[in-house]
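Read the structure below first, then the notes.
Every chain is named by a letter (A, B, C, D and E) in the order it is written, and numbering of its residues begins at 1.
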Amino acid sequence: MNPAVNPALRVLPEIILTIFGILVMLADATMPKTASRKPLGWLAVLGALAALAASFWQQSLPAGDAFYGVVRTDAFSVFFHVLIAGIVLASLLIALDAVSDTTEGLGELFALILFGAVGMMFMTSAVELLLVFIALEISSISTYIMAGFRRKTAKGPESALKYFLLGSFATAFFLYGIALIFGATGTTRIPGIASAITTGHAPAIVYIGLAMLIIGLGFKVSAAPFHVWTPDVYEGAPSPVVALMSTAPKAAAFAILLRIVYGAFPLLHDHWTPVLWWLAVLSMTIGNLGALRQRNVKRLLAYSSIAHAGYLLVAFAALSADGIAAASFYAVAYAAMNVGIFAVVSHAGGYDDRLTLIEDYRGLAYRSPLLGGAMAFFLISLIGIPFTGGFFGKFYVFVAALQSGLIWLAIIGLVNSGIAAWYYLRVATAIYSRPAESSPIHAGPRPSFALLLALVITVSGTLILGIFPGGVLSSARAAAATYTSVSPAPPVPGTAQR
Amino acid sequence: MHLALFLIFGALCVAGALNLLLQRHPINSALSLIVVMSSLAVLYLLLGAEFLAAAQVIVYAGAIMVLFTFVIMLLNAGREERTRGSKMAYVIGFPGAAVLLALLAYVFISHSGDFHRVHVGEYVVSTAALSGVLFRDLLLPFEVTSILILIAILGAVALARKEH
Amino acid sequence: MVPISWYLILSAILFSIGVAAFLIKRNIITVFMSIELMLNAVNLTFVAFAQQWHMVSGQIFVFFVMVVAAAEAAVGLAIIIAVFRARSTLNVDQIDLMKL
Amino acid sequence: MLNASILTLITFVPTLGAIVVLLLPRRGRVIPAFALLVALVTFVLSLHLPAHYDYAQHGFQFVIDVPWIAHPAIHYHLGIDGLSLWLVLLTTFLGPIGVLVSWRAIEHRTKEFYSLFLLQQTAMIGVFVALDLFLYYAFWELSLVPMAILIAMFGRRRGPRAALKFFVYTFLPSALLLVAIIWLYAQTGTFDFVQLQAKLAAGGFASGALWWVSIAFLVAFAVKVPVFPLHGWLADVIEEAPTAMAMVVAGKLGLYSLFRFNLGLFPAQVREIAPLLVALGVIGLLYGAMVALVQTDVRRVVSYAILSNLSFCIIGIFCFALGGLNGAVYQTINEGLSGGAILVLIAFLYERYGSFDMTQYGGLASRLPMLSTLWIVTTLALIGLPLLNGFVGEFLVLSGSFPVHPGWVAAATVGVILSAGYMLWMAQRIFYGQQSSLVSERPHLDLGMREQLTLWPMAILMVVMGVVSPYWMKAIDPAMSGLANPTAAMHLTASGIAASASTPAPQGGAR
Amino acid sequence: METGLFTFLIVNLIKIVVVVVILLMAVAYTVLLERKLVGRIQNRWGPSRVGPFGLLQPLADGAKLFLKEDLMPLAVERPLYVLAPMIALGCALTSIAVIPFGANIQWHGVDLFQISDVSIGLLILLGITSVGVYGIALSGWSSNNKYSLLGALRASAQVISYELALGLSLVGVVMRAGSLRLRDIVNVQTGHSAVAFLHWNFFEGFQFVAFFVYLMAAYAETNRAPFDLPEAESELTAGYHTEYSSMKFAMFFMAEYANMITVGCVATLLFFGGWSSPFGHFLSGSGRISTAILAVFWFVVKVFFFLFLYIWVRGTLPRFRYDQLMGFGWKFLVPVAIANIVVTGLWMGLRLPVH
């Protein structure tokens, strides 16, 4: 621990978000009942911006622990801090665009987004499983609530309920996993666990514990076969919330999964890589096959997010610094394009989901070239067409996989991405086909400034990640370097030839 | 005496849990769960966790489960119906749980040599010792918990608020 | 006297019953209660291991689990109330507006 | 230095144009005019290439090689050789023609159309000039998107379906191609074509794995060409796509890639599988010709004619005779030119009479002499009449390949005769005989200024290419001689490396 | 353990029996006290017929309740209906187990004036109190009567809400004592000067705020006026125990008064120096026996004061409306309790240098 660094600085973005969350709450309570809550949204945006700035600033901190070894800021956690702050910023803008002045519970919504972000950020910087657990719960509970925010509808509470029940079920497994690991090693600090397991073999309890941790996190990242909640929740939750919860908590959960498997159990990789291998294959396949037969756009995107979780897990299974970097990079790329596409869905469909089915999106490009074009662009990125973040992310993931000799995984993955093209294109072609005369489509109100801002962020993010990925890539590699000491050396390129 | 207490309250726990599983009316299930929780409190005492035992009773039995019964009463939940879904669940539920149990039990039994035996009063954690660790080493998680609670309050208010 | 492993097995039994109940019970509230049962089982494991290692942190974990459980209960029951208001049923199988 | 940046310019000027198009007002014909300007500028820029190309030198010229992404090691590496030189020019040449042919056909959403069209130009040129496999793949995939969107948005009634079919057909194998490319990177640590060629030639790889990699390459390209059993998308796309896209959708991208990568990287593996491909080529040729014979829809005839012609190129490639390869390259260019021209003609015909059914036409020759003349010229070019470009290619392919697979090539000759049959029959049914009611009812507008501007350059080029083929051949021949036999390929590779190593990157190969 | 298991059990059993009997007697006479006092407040006599000054009235009441027919309505949820009063009374009686009602005087290693001296006594008290609500909740629900159910719902909500304020109000006291053991808490407040009562938490620890919060929360917890909404007879007949009769009714009745006594005991212990003499050595005894007796004397006096206060409040204040009740609990008591904790913490931090 570097004594020169004030511990508060190591959790600065979290502190900022908390303060702004409380400010939003207080302002909400003091404002007159009938006043518009949108200014609160801008206040929250301000908070997210400040947190983003603080996260960037954290890059200048020397790596180290704080609060008696409970949190650690290093390149890895700061990388994800920035990502989460960015996602929250964009999601808030989307929410600001989608809601109307009369939308119920807006103050709470904005506060919940900010508080949830605190949990997500702590997930990425925690090295004590207790804090991981608390942070995971903060992020989960806030998303449970937000999922059911449209409580007047029949689907809103239902989706919250499903999410809640299955999520808590998973939490129990996660917790049992922690308990068993604690029992086997006598510690809940991630570095402590790593130093307690000194060989490639561990007591059976450790394996069961690790399996339960993976089950628990598998639920959170919606990896198959723990994905059943995803489509329902995405369908029932308001679109701006889906934009957030399909990216930020997932990125955080992936970060902590990385921390756990690479940071705490590096020597047991022989045992967990096959598990991740299968999770990856199942997620990709089930996600893509499931998406094929969806008619509802949000459900389709839910299945697609399962598939994308699978691609990300491919990078995990690669077991190399490149794999970690690829996973981190992919998280960013996926966030950019997915938040972007939900920005469009949220605006076109509105807070109350006027448009749900693919047919409803027919002719979107004709009614609103901006929205249609943006949506097509994000779909293209999701397919993985070059010069978009989606392509480079996928590419890098599979480079990592193939460098580690996971040929079959790469083939399965890329064939899957081929299948995926089919359903993305169904949406894309719908957008670009002439609308039926009787179709009820209206592209919604004029895009607001907030939406434009969100689209600018996500479109430029997706493009930059596709064309000039160097900057983010080097950050991702710096983040991955956090683990190089513990992860086994990747196969050196070109060995086959020499 | 430790053994006797363990057996009594352990059996009570299992009986309560099974009752929760078998009872058809939610309020009976809730009461069974209260029995489990209270028995667990006694087991905590046996394991030297005084503070937790009390907290278990206050928080779980006294607050959380009251909330449950309150909601059951408020919504006037009736007996559970048997539906098509439940048959399916039986097929997955029991074998799944049985496999899990078998696995865990096997592991614990095969490792039983590594574990201590507990004597009453051998290692009792005082509340002061507990708070010593809590407010120093784990201060940050403790503080962060407040955010969690804040979220829970916000959420409960937002979701269960009366219609205007 | 009593080996720790007995406590662990007891907690495993409780956890498994919780899992089974989660899958079998059809009333939302009972399903939720089975999650609480699982959490309690985990708590017992923590306390048992805390005794095994003579470490306070295991017990503190339980303390936090309780807090989390309370928060979860508040939110969960609020969600259940919202569902009930919207659908007038507490049967899991009837909460099926969206195909799984 | 212009030589170093010329390829970058040619590649990205259309992209810049596309972005500007998005910002232009939708007023009058501002957008098409600007797009035409951009396409012309690109074409003029590309004329720099043959003018400064050093025909005496092997290997790549106009090379630019700067690091793009540090890790994984990806370079921005462009360069052309005799093969890609003409394909780049063909593409830039067809650019203005594509704009002109769309001038009236696209009335709505011009902004989208022309920006995507220009983006498509970038992608295609990029495919021909990229020498880094990553960069190449990026352009390759990118070329799918504007194409698919244009077909979906501006195609005819079933456009979206055709676009979907096209995309899925080509995208799935591309995924395997990506696996193969990444596998090569994982094994060699480089995406650079030149380095890869050297490393692969040096050997030391598991032959089985390499074989699968070559298959992945092959399948991806074969779909794009398309080679016989993988041609399912072609007819639909030609039928539905706007003319400017139908002109460029088939042929050159896939064939170029076959030359460059399959033959360039996996000479041994390709030779193992070559007999199969020759057989497929002949089958495709005959199948295409026979199906074309029984069609009445002119677009269908042309689409099967294209399949047939492309199969011809396949035969030429996979016989591995120098003459056959040269002919195949030539034929690739021809196909782009003549096939494009016939599609343009069909479009003009349709604009006048609103029908693709040749049975509804008849006796047009006397009413529209200019159109008929150009149609006949194009038809003759397509069936390989001497003094026109088609003859050179066909002759080279047949004569070069015959010694290698006499039986198959003899069968292919039958296909050539059949192609003459259906093309001429089509011309006969449309332009001669009794005037049909459709023809006599409509006013007779012969080709206008714009339309002539569109077609004459192509017609002239057909003749020029038929007469002075050596001008083209002097660039193609050195490039192909390396591919014709593997030992020479080694030699070529070695010299290629020497060339790129000896000349500093910014200056390129040419003087 | 010095004494054997058997002796341990026997001695404790005797202690329990003695305490329970005394407690039940106290309950009976608290009822009488209430009836008398409320009578006086309302300008009437109260019970005066049975025995001198009506002193035998509780016995008569008891006999009446015992002998009445135990009605079991048909629609009730039978097991829970029976269980509910037992829970209520059980919890009420159990909580007395940890309460020290006299000085720590050992006799053959047995603590005479406390059944069980545990280090987390205060928590156990809170725990038992919080479990007690089940008696009310279940009785209301199992009665299958809407008045009962409403009463039970009110009770549950009220108890949960006020438990928070109650618990928070005690934190200041615990902070001052640094222990959860009730004897330690009392010992902190014990002084030897003539004005020893100034050492009481009520005075010295600035805990009078906490005391008022505690008192109000405790009144709500015991469902007593002005917080007696669960059994508000004007709206709900008799609330949760509408359907109960005879002995089962008596059990609820006794539970309520036992709880009052417990609350009185706790208030005494936490804020008013427990069994210690308010005047230092004055009247605190010198020998073992006198010490013991005087300690119990002071304790009883103080508890009696609280019982008196209970009844006085009941006779004086009107009942809250339900939303007022909730608002008061959440918007007033909880913030005040939290503020009290902060202030106590600051005060202690300033007084005690960091060691």
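By our rule, a contact is a pair of C-beta atoms (placed from the backbone, for glycine too) under 8 Å apart; a residue touches a chain by one contact, two chains touch by 3 or more.
Quick caveat, the model's predicted, so the values are computed rather than measured.
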Subunit D and subunit B - chains in contact with each: A
Shortest walk length in steps over touching chains, subunit C through to subunit E: 2
Taking mean C-alpha coords per chain and comparing to the overall C-alpha mean, nearest is chain A
Sort the other chains by how far their Cα centres are from that of subunit D and give me the top one. E
Tell me, please, which two chains come out on top when C-beta pairs in contact are counted per chain pair. B-C
Using mean C-alpha positions as chain centres, tell me how far subunit A is from subunit E in Å, no decimals. 52
Averaged over CA atoms, how far is the centre of subunit A from the centre of subunit C? Could you give it in whole Å? 26
Could you please state the distance in Å, as a whole number, between where the Cα atoms of subunit C are centred and where those of subunit D are centred? 64
Any chance you could list the residues of subunit B touching two or more other chains? 51, 55, 63, 67, 72, 74, 104, 108, 111, 137-138, 141, 145, 148, 151-152, 155, 157, 159
Could you check subunit A for residues that touch two or more other chains and list them? 130, 134, 137, 141, 144-145, 148, 151-152, 157, 160
Touching pairs of chains, which are they? A-B, A-C, A-D, B-C, B-E
For subunit B, which residues count as touching subunit A in their complex? 103-104, 107-108, 110-111, 114, 136-141, 144-145, 147-148, 150-152, 154-155, 157-159, 161, 163
In the complex, go through subunit D and note every residue touching subunit A. 68-72, 109, 111-112, 134, 137-142, 144-145, 148-149, 152-153, 159-161, 163-164, 167-168, 171-176, 178-179, 182-183, 185-189, 199, 202, 204-206
Partner subunit B, residues of subunit E touching it in the complex: 5, 77, 80, 118-120, 123-124, 126-131, 133-134, 137-138, 140-141, 149, 152-153, 156-157, 159-160, 163, 167, 178-180
Going by the contact rule at the top, pick out the subunit A residues touching subunit B in the complex. 11, 18, 21-22, 25, 66-71, 105, 108-109, 111-112, 115-116, 118-119, 122, 128, 130-131, 134-135, 137-138, 141-142, 144-145, 148-149, 151-152, 157, 160, 203-205, 208
Can you check the complex and tell me which residues of subunit A touch subunit C? 130, 133-134, 137, 141, 144-145, 148, 151-162, 164-165, 168-169, 171-172, 175-176, 178-180, 182-183, 186-188, 228, 231-232, 235-236, 299
